[in-house]
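There are two complexes below, and they share subunit A, which is joined by subunit B in the first and by subunit C in the second.
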Partner chain A sequence: MNRDTIKKREISGRIKVDRDKCIGCLGCMSACIVSHDGHSPRNRVVISSDKVSSPIFCQNCDLPECTYTCMCGAMHIDPATGFVLYDADQCGSCYMCVMGCPYGVLRMNKIDGKISKCDMCVSDRNGQPQCVDRCPMGAIAVERGVQA
Partner chain B sequence: MRHLIIGASAAGLNAAKTLRHLDPNAEITILSKDEVIHSRCVLHHYLKGKRDLAGLNFVGQDFITEQKLNWKKGVQVTKVDTGKSEVALADGSVVGYDKLLLAAGSSTAFPAGIKNLREAKSGVLGFRNINDAQAIKELAGQANVQNIVVMGAGLVGVDAVDGLLGFGKNISLVESFSHILNRQLDMRAARPYEQAFAMAGVKQYYGTKITELVLDDAGAVKQAELGSGIRIPCDLFIVTSGIKPNVGFLEGSGIALGQTGLDFDGYGKTNIENVFGAGDISGRSPIWPAAVKEGIIAAYNMVGRPLEQTDFFASKATMNFQSVATMSLGLPESPDDSYTVEVDEDQAGNYKKIIHKNGEIVGAIVQGDLSYAGILTQLIREKIDVSKIKKPLFKVDYSDFFGEFVF
Partner chain C sequence: MKKVQTTCNYCSLSCNLDFYVENNEIVKVLPTSGYSVNDGFACIKGLNLDKQLTRHKPSPQPRIKKPDGTFEIVSWDDAISSTAKKLLEIKEKYGPESIAALSTAQMPFEEMALFSHLIRGYMKGNCDANTRLCMATSVFAHRGAFGFDAPPYALKDFEISDTIIFIGANPVVAHPAIWNRVKKSGRPERKIVVIDPRKSETAQQADYYYPLKGKSDIKLFYTLANYLIEKGWIDNNYIRSYTDGFSAFKAFVADYKLENVKAETGLEPEQVKELAELIHNGKAVSLWWTMGVNQGYEAVRTAQSIINIALMTGNIGRPGTGPNSLTGQPNAMGSRLLSNQAILPGGGDYDNIIRRAACATAMGVPDWMLPDKPTLTYNVIVEKINAGEIKALWVVHTNPRHSWTNNETFQKAMEKLDLLIVNEIYDDTDTSAACDVFFPVVPALKKEGTFINTERRLSALRPVLEREPYEHSDFEVFLKMGEALGMGELLNKWRTPRDVFNIMRQCTRGMPADFTGVDYDGIVGTKGIQWPFREGETLTDNDRRLFENGVYYTPNMRAKFVFEKPMADPLPVSKEFPYIFNTGRGTVGQWHTQTRTREIDAVQDAVSQNAYCLIHPGLASGLEIGEGDKVEITSINGESAVFEVRLTDTVQEGEIFAPIHYLETNKLTPSVYDPISKEPSYKTTPVNLRKVG
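Up next is the complex of A and B:
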């Protein structure tokens, strides 16, 4: 399946990362935890072999492997926003999505066995991704109005 | 345009959804034996009572109306006439089409080599769809059913065992290979599952086959005989050792079959114009994500937008039984000594193994915490050279491939 030949969906925004600006302060991870009731962060910052801080974020893919691998319908494209959202109640904790995510951003939550998945802070009272708001370097931004 | 889809599971419904996305005005009809939409991969949750019928629905309760689909459920297609572009149903009616998608899936294969397996009048079931699950649930709830034998310790068989634990019955699991889930796991990764099921009272017989079922006068199963000659009591015999594609209704249609089932190419095309295929009916890659993708791909090509399957990496799975999660990719064992095998384990039950050669990972097992492990799937699928990575392979992540692939 080629990304260029598929009919793209409307999406309200996507996180864009400028790795060169990242100083590895982990503020985005803290913001994510705070924004989601203290649960595990849904993003992370890792160090590459060349010692470069690299923020890894859900990309709300055009070809979302997590939705293709989900056998319960928990991972789904929200028709209103175009975001790939996750329904923990529908989730069967089979971890096929963790296996499918090519960026390796999905993790299992040890407390309840569910998945930690970016929801673009649709559940946050500020209504926009808090990792972006809290990044002191402007390394993380939302690309708005993307018709991907 | 009239699109007709046979089958209402992973491939068929994803095709229907994609067709609607591509053509808001198309007439889309689905024919299925299934009367309820259900995910065949979580039937064990239904057995356990952890999930009800509605909970098995994987597309949402209002899918059919939302997507404006015409769904004829509980019907059986008996014939395809590609000359007239119509299919015949068991009730004698016919349904015409402009484009046809064959996504009829597969069924339990009841092996011919086991004496009395096909002759048994009762007590023999597969574990493939909701009808099977309902029948098993009902039988397992009866007092006169005390002994249950599951044949085949692959993912489906282990699902069945896992789902039956709470019924308080004597469960035996019989597998011809040396250990549980042998296609996914090495002996080390199999151990926690074998131990957990043993603790739960499941008798496990590995490296042996069922040779015969002993029936009573009424044809009900009473015992199962193993290759060693041992007979184990059996009131319910569940066959989970293999599947066969549902291609019987294609006989005489001129639609070509391959070695394993329906033959279709990377665009979902069969040998007949306007007839497409997707999912388990091919008998090739009987895993959920393959069926989903093939359904999507077929839909694109049905509306004349060429989209090709590029992901042929289908030997992958995750599992979560008895609170132990495992991801298995590619080969569970090294093919020969020319490969490097790296192992990492700790006291908390985390076990990782990566098999590689010349910078190419060919197999990986991750057990315990699977977090972030998806990167390994990508590295194997795309045959990405990992030799340049300076950190341990177990620590590999997207940072070393930043911006190199986009989904």
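Up next is the complex of A and C:
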């Protein structure tokens, strides 16, 4: 995918975090592991230089570097939802997306060597991101109808 | 790929986890779906148990400190025989009570029982456990009120209760799977109440929050009791039918007037009235406490003041009710019931002839092998080491150099000992790093046995991974040591964890915690079973609570109101030490002294590497302290330590809070204990502070 050819798109939702509410409990990471069958979590939490817990989630970027750097089309924009989705079957495990992600949130999945990429829990039986459901502090929400 | 269901050995919930294993490597970890406690959810610690011993892995053979202070790896046979020889020499020279041990609630109860069989039974030394640091208070509170150490609830009560009151408890951080159940129940009429000096993470989510002064909860509950009585909001039928001592209690609390409550607790009379109304209007009120209550200088009476509220309002023995103590460690209940430290295995005092006979028969030993008194308590063991009376100490899966209150006293103790033995999975903890004999034992992922969780549920621990050459379990170390000490046929019935399970099961026969109906292998792969579960019984309900029939374990089968005039604070704040130093758990990902959770990258990325404290902006501005500054906190115990500052209005102006996961924190806590339980008073230390950077 060429970044010059990408069109503006509607995204069904984007994870939004209120850092002031985050307590660094890592419940979002646990939820992610559980809802993705024990695979490496698709999010992470770091402690910032100002000592604040800072959750990092895939932003389904307006201009997603992971899709530009992907040489196999594994990282792609889903036309129905606007989400950046990942097709492991097409992935060549070159990890260019990992290097390209400006948030450093993509990582290798420890189980199969592919990529752990947030899919907004589209495959979860509960139907919405489990990090949102499991956050005890209400720090994580889905911002709906985002124009990218 | 093989799937093994086993028990998580971090916190007291003892969640079950499924480990998927291929070629003796863990591929993934998932919470066991349908398991009673955590049904498909687990916190970040449990889900990362596969990281254990991946970064820090000692030699699988023992390490001995040589006379010149250097270390040497030796064979198991040599280490056990030389250590046994030294233990016997010390016993011969200084007497049996010169030998002591500090055990743990982090291992299967079969191992605890075997360990006490050696130390308490055969060697006639003393053996306490780290449960003294967290749950001893609840043990004595239950025994006084119910006649037996019996937490009455099922965790399912969280889903049923319409009024959940947390007292000195912070399940959002300490028991995430429980909080998940509270949230999941989603009952719109449910009220969540938090009573805590600190606006904890749970308090921030509560419908009602009462920020009382530290250690004033006993006065709050006496005042609350008096107000409930005055309003007639009590259950006279329950009191009359099932309890003793209410008249005296009523007369006693009459002195606790609303007009005094502000001065005594910091709460307004209207807040107490509101709390009373919440209890009165609730159909199923539950009161839950943990360390905020247990770790105090009059903690037993405080816990009993909570029990009194439940008894007088009839909030016990029904779904969604109860005065409920949440434990801290995965096998605290196993330790309390079966470790042969404060009571005979299964219950009963050491002078109870009938119980002694039952236990001796079950254990296959003569009566002399049973101790004749409770162990010296943790604090006395440390004091006697420093007094030169105890010469040898065996520490098992606990890190007292870090976790013991006023922890510099334990450093002195380590230096004073002739022999310090440590069983650990790591050779570099604050306690194991310089010990004389280090036994590198395998983690729970390679062991078998049984855990009893906070709601009395037995669950199976089964090996996830196969052992590598030379690796030993604690059970094998204890067994070999017993043989080397000359126990001979006294170990005949104690050859395997299964043997010891069956011995312990027999010890509970006819007792309140009778689990003679539980089979060692039968609970593998199940949802676990709560005690009591007697031989011949059929399990029809796996979320059971006690006292539904109003029958208690006291001699007259009635619950007791236990109360006492509150004592004066043994360490009040002063001009020299004007602030209160409070301690507790910092984050979900950090476990106790961080020996294990340091191996989890996800946790290490998210937590501070340095000791820090929470200070109110109002206090900080007066002292010209800013966010990120370093302060030296000086304690009334004579010690001082440096912490990074985080400013927050979740602590009161005169209070400083520090997480327990850093060595500095318990450097400052005092050598003060509840007079009954001997649990340390970790929560209210007078301190001063100054900016140092």
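Note that the second predicted complex is superposed on the first by the 141 of 148 C-alpha atoms of A that agree within 3 Å, B and C clash if a C-alpha of one lies under 4 Å from a C-alpha of the other, contacts with A are read in each partner's own complex, and residues count from 1 in each chain.
As a working rule, a residue touches a chain if its C-beta (ideal position, glycine included) is under 8 Å from a C-beta of that chain, and two chains touch if they have at least 3 such contacts.
Model, not experiment: these values are computed from the prediction.
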First, second, both or neither for A:I111, with subunit B first and subunit C second: second
Which superposed partner A:V46 touches (first subunit B, second subunit C, both, neither): both
Subunit A residues touched - subunit C or subunit B, whichever exceeds: B
Contacts of A:G73 with subunit B and subunit C, given as first, second, both or neither: first
Partner chain in contact with A:G127 - subunit B first, subunit C second, else both or neither: neither
Contacts of A:Y95 with subunit B and subunit C, given as first, second, both or neither: first
On subunit A, positions contacted by subunit B and by subunit C: 44, 46-47, 50
Partner subunit C, residues of subunit A touching it in the complex: 23-27, 29-31, 33-34, 37-39, 41, 44-47, 50-51, 53, 111, 134, 136-138
List of subunit C residues in touch with subunit A within their complex: 20, 27-31, 40-44, 47, 172-173, 176, 179-180, 183, 201, 204-205, 587-589, 602-603, 605-608, 612, 627-628, 644, 646
Residue ranges of subunit A touching subunit B (in the complex, touch as defined): 1-3, 5-7, 9, 19, 44, 46-50, 52, 54, 56, 59, 61-65, 68-73, 76, 90, 92-108, 110, 113
Residue ranges of subunit B in contact with subunit A within the complex: 10, 21-22, 39, 41-42, 45, 51, 55, 57-60, 288-289, 292-293, 296-297, 300, 305-311, 316-320, 323, 325, 327, 329, 369-378, 388-391, 397-400, 402-403, 405-407
